[in-house]
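Heads up, there are several structures right after this.
In the two complexes that follow, chain A is the common piece, with chain B as its partner first and chain C second.
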Partner chain A sequence: MLATVVKYRPFAYLLLLIVAISMPWYAPGLFPGISVMSIAVLTVIFAGAASSWNIFSGYTGYIALGHAVFFGTGAYALAIICQDWHVKSDYGPMMLLPIAGLVAAVVAVPLGLISLRTRGHTFVVITIAMFFIAQLLAYNLRAVTHGSAGLELPIPSWSGDAFDVPFYYVGLLILLLTLATSWWVRRSKYGLGLLAIRDDEDRARGLGVKTGSSKLLAFVLSAFFVGMLGGLWAYYIESVFPNSGFDAIFDVSTALMAFLGGLGTLAGPILGALILVPAQQYVAADATLTSWYLVLYGAVFLAVILLLPEGIIPTIRKRLTRWLARRAAPAAIAGGPPPANQRDPVSAATRDGGDR
Partner chain B sequence: MDLSLIAEAVVLGILTGAVYALMASGLTLIFGVMDIINIAQGAFVVLGAYLSYVLAQHLHIDLFVGLLITMPVMFGLGVFVEWAFIRPLKRDRIMLSILVTYAIAIIIEGLLGRIFSTDLVRLDAWYATRSFNLFGFYIGYIYLFAFLLSVVLLGALYLILYRTKFGASLRAATQNRTAAQLIGIDVERVSALTFGIGVALTAAGGVAFGATNSFNPGSHYDLISRLLVIIVLGGMGSLGGALIASFGMLVIEDVTAVVWEPKWSTTVFFILLVLVLVVRPQGLFGQLAGRKE
Partner chain C sequence: MLEVRSVSKAYGGIQALNVCSIGIEHGKITGLIGPNGSGKTTLFNVITGYERADTGEVRFNDSAITNYTPDAVFGLGIGRTFQMSRVFPRLTVVENMHVATPQHGGLGFFRRWSSSREQQHALELLEFVGIAHLKHMPAENLSYGQKKLLEFACILIAEPQVILLDEPAGGINPTMINHLAGHIRTLNQRGITFLIVEHNMEFVMGLCDTVNVMHRGETIAGGTPAEVRNNPAVLEAYLGD
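This part shows the complex of A and B:
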């Protein structure tokens, strides 16, 4: 049974990819009356952000609540570059996204060096403090950021219905890159070191994991992707302000998406974004619900943490393995060895359950 | 640079520092006993300020007299929040509690925004605008009153901590939760009461904050960022560290505002935090992390 699931998995992924790529053709017809592609753009951006947040926080267990620093840095970097280099062409800013990501990654190096000296609570608090420093700087460094007046980005010439499509594909591309990196990290010896840090950092160091540089690399990697997405987001909404680029809700949103889907799993953050971003947009679009936006947001957050702290994917996997084990047990007693590729249900159910 | 201006900034910093010391001591007490960081502490302060605002506007109750009503209310709210949202966390309490209290902060912000809109308001009373002359400085009465209130409440907190049986169990739970449980201390009850006390203190902080600043439901971000910096700088869980860091922070802020520019005052303090952490990751008076649940 599990073997069958594993066997057909590549086809399922291919199907999902086709569904995602062909989205602009069927989605507007499927949901008439709502700007479904703009929701799709935001969904891929946040799915990418949650997924790259997960590369650091999910694998190392260090909960960072300051990734808006990198999102905002990417956004501001792109805006400033476009302004100074007089970028006019439609795809110009898209080409510059890796630079926005690099700027965010460079910023992440000193921040990581300082914050990663601490652990647990103090680390969380320092990432929050760094977020506030970044936001303050965006307000105060008027020569660079124009303070609360914000910066504008070039306006692309794509028209009407087709406007969202290029953003969607670029966002999807970055999301896939993030996912590939996340997958690689998860599979590699390096990623094993990160998981060892999550389980017991001192012991991991004793076993020869270079904890300091491992954590820093994960931190910088996740900052790079978040920075690129920040740039894309700024280009999409055509402007960036201190409180929109450096948004406290962004900090918790990425964490919430990862927690909802499953912290430290590959698909969890994306599943979380797929559920939460459309819900967010639905509430934001509804006039009577909008004023309750923050209350609803906080309530969903509370419900997820209290009722489903492990996230959807690990919970489902745990149930599934337990169910399969129960079904397999009588057969095993009746005779015949269990299938060779059947995994030990206990180890598969612990934490986030190995690979996928 | 005019030295008397700097001296005035120092006096002002000490007066407001006491208020922050009060709010931060609630935060660091909660941390000490329960190992959790209450991100909603800033939101509770803003909530306290709005409660006083309602009492003053509609029932014409004086801000400080109103504390007799708002502090018990906030105490009850704190006990409820601990019971309903913190206690159920069984696994990975440290990390999850940060997210839970963050969610509570967002809910409070949303509710206040729904009720009071996001327009800036300010607590008003005769002493909120008048000032008196002290050795040639002009000091607002509200700063003096808020300072005195904070000193009284901090003194009361000291008495509770060091002169009552509850205080002894609280300190025992801070030192070692499991051992405290073993010698028969009801740690869950102590936790609930500590959370209640920590939140009750925010009602007083709310009056002082709301009478000296214009505020709206979003003001809690500004508050919590300062409070977090204070308790990290002082060393997490260290009450004395929080007091010293509060005075240090506010004095530095006010002096920076005078000698440089007001907009850089908070930034300077944040940078100081980063520099201290480079040298001492555990804060000024904290022990090295390594305490496990």
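This part shows the complex of A and C:
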């Protein structure tokens, strides 16, 4: 049974890819009356952001709540480049997205070197502090950012229904790149080291994992993709302001998407984005409810913590495995391994111990 | 081959190691005993880079490795286990094994986490310690004893020259202790040097070529198991004041 599931998995992925690629053909007809493709653009952007956030935070267990720094840096980088180089609209800015990503990655190096000296809650607080510093800089470095007046990006010539489509495909491409990177990391020796860092960093170091450079590389990688997506987003919105480019909601929502879908899994962050972004857009589309999506986010956060602490995908996987095991061998309970929830009380109580 | 020269280490007012010296000969099994709080684990931590020595020197194969980082010490061929076994709870048993496989420089970004040859080697080692049937189990589901065995196997995959074991027999049932002693002997015959901290005297005396005794951060005695057993200073350390 499990073998059957595994066997058909590639076909399922292919089907999903076809559904995603052919979206512009069927979606507007399927959901008349709402701007479904603009929701799709935001969904792929956030799915990509959550997925690249996961490459760092999901694998290493370092919860970063400041990735808006890289999103905003990418957005401003693209805006400034377009202004200074007089980049023509349409596909010109799209071509420059890797540069926006690179700028974000370069910014991530010193930030990573500083913040990764800390762990746990301290790390979370430092990333939040970095976010506020970045936002303040955007307000105050007026020569570069024009302060609260913001920057404008070139306006594409596409119009009507066709406007969203190029953004959707470029976003989807970056999402797939992120996903491929995430998958690559997960099966590499490097990724195993990241997971070991998540579980017990000192022990990993003692077994020869180069913890410092491993963490930094993951941090920079995820900043690169988030930076590209920030650039794409700014071009889509056609402008960037300090409080929209460096948005605290971005920090929280990418993390929330990954938590909801399943931290440290490949598909989890994307699933989270697929659920949350359309829901948020749906709520925000109603003029009387605009900011109520924040309440929605809060409610989802609570629900995840209380009901699905591991996220959707790991929970389903666990249930499925248990169900398959029960179906396959109802008589093989005796002599089998202990169930997952039955931990050894001794080792659980003394995990952090060790005398001097 | 591994030598600790006059190492001192203090935590605030507590002198955990007080001009402590110890030598480990190549190919031998050396035991390290002493009352609780005598500095055995601190000594391990200083050797393996988890703690910095205040003064003194650690030498390995005639070069100083004092205050090297844990990954550097491990890279030189010194592996250790912990008193409270430390495995990676959310990784499977097999994944745990591969964390320690050599990275050959770089971060391993372009390598799969296990080549088939390494996979084979990992399975052999799991067979060797007797937990191969649990290979796809998350390590957190293992029993206390099984975790110790996994931690032990994990060290072996990197093929270290010296293995430091911190209370390998603690909390393990007697049958498994005998198995463990057998494994250590087998590996020792293959040329691996051991330094073992242990409270189980039967285990230490039966297994070790030489035994060192620590008390209040110093080595107070050393010699063959028989010599140490009859040393009055040792008795006093355990029973006196």
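For this structure, a couple of remarks:
Following the convention adopted for this analysis, the second predicted complex is superposed on the first by the 328 of 356 C-alpha atoms of A that agree within 3 Å, B and C clash if a C-alpha of one lies under 4 Å from a C-alpha of the other, contacts with A are read in each partner's own complex, and residues count from 1 in each chain.
Operating definition for what follows: a contact is a pair of C-beta atoms (placed from the backbone, for glycine too) under 8 Å apart; a residue touches a chain by one contact, two chains touch by 3 or more.
Remember, it's a predicted structure, so these values are computed and weren't measured experimentally.
Touch criterion not met for A:109: it reaches neither chain B nor chain C.
When the two complexes are overlaid on their common chain A, residue A:316 makes contact with neither chain B nor chain C. When the two structures are aligned on the shared chain, A:17 is found in touch with neither chain B nor chain C.
In the superposition on chain A, A:289 makes contact with neither chain B nor chain C. After overlaying the two complexes on the shared chain, residue contacts for A:95 are found with neither chain B nor chain C. Comparing which residues of chain A touch chain B with which touch chain C, the overlap is empty.
Contact residues on chain B toward chain A in their complex (touch as defined above): 31, 35, 37, 39, 85, 88-89, 91-92, 94-96, 98-100, 102-107, 109-111, 113-114, 221, 224-225, 228-229, 231-232, 236, 263-264, 266-267, 270-271, 273-274, 277-278, 281-283, 289.
Note for the complex: chain A touches chain B at residues 63, 65, 114, 117-122, 124-126, 128-129, 132-133, 136-137, 139-140, 248-249, 252, 255-256, 259, 291-299, 301-302, 305-306, 309. By the touch criterion stated above, chain A contacts chain C in their complex at residues 185, 187-193, 195-196, 198-200, 202-211, 213-214, 217, 337-338, 340, 342-344, 346-347, 350-356. By the touch rule above, chain C contacts chain A in their complex via residues 11, 16, 36-37, 39, 41-42, 45, 48-50, 69-71, 73-75, 80, 82-91, 95, 98-103, 107-114, 134, 137-138, 140-144, 147, 154-155, 158, 166, 171.
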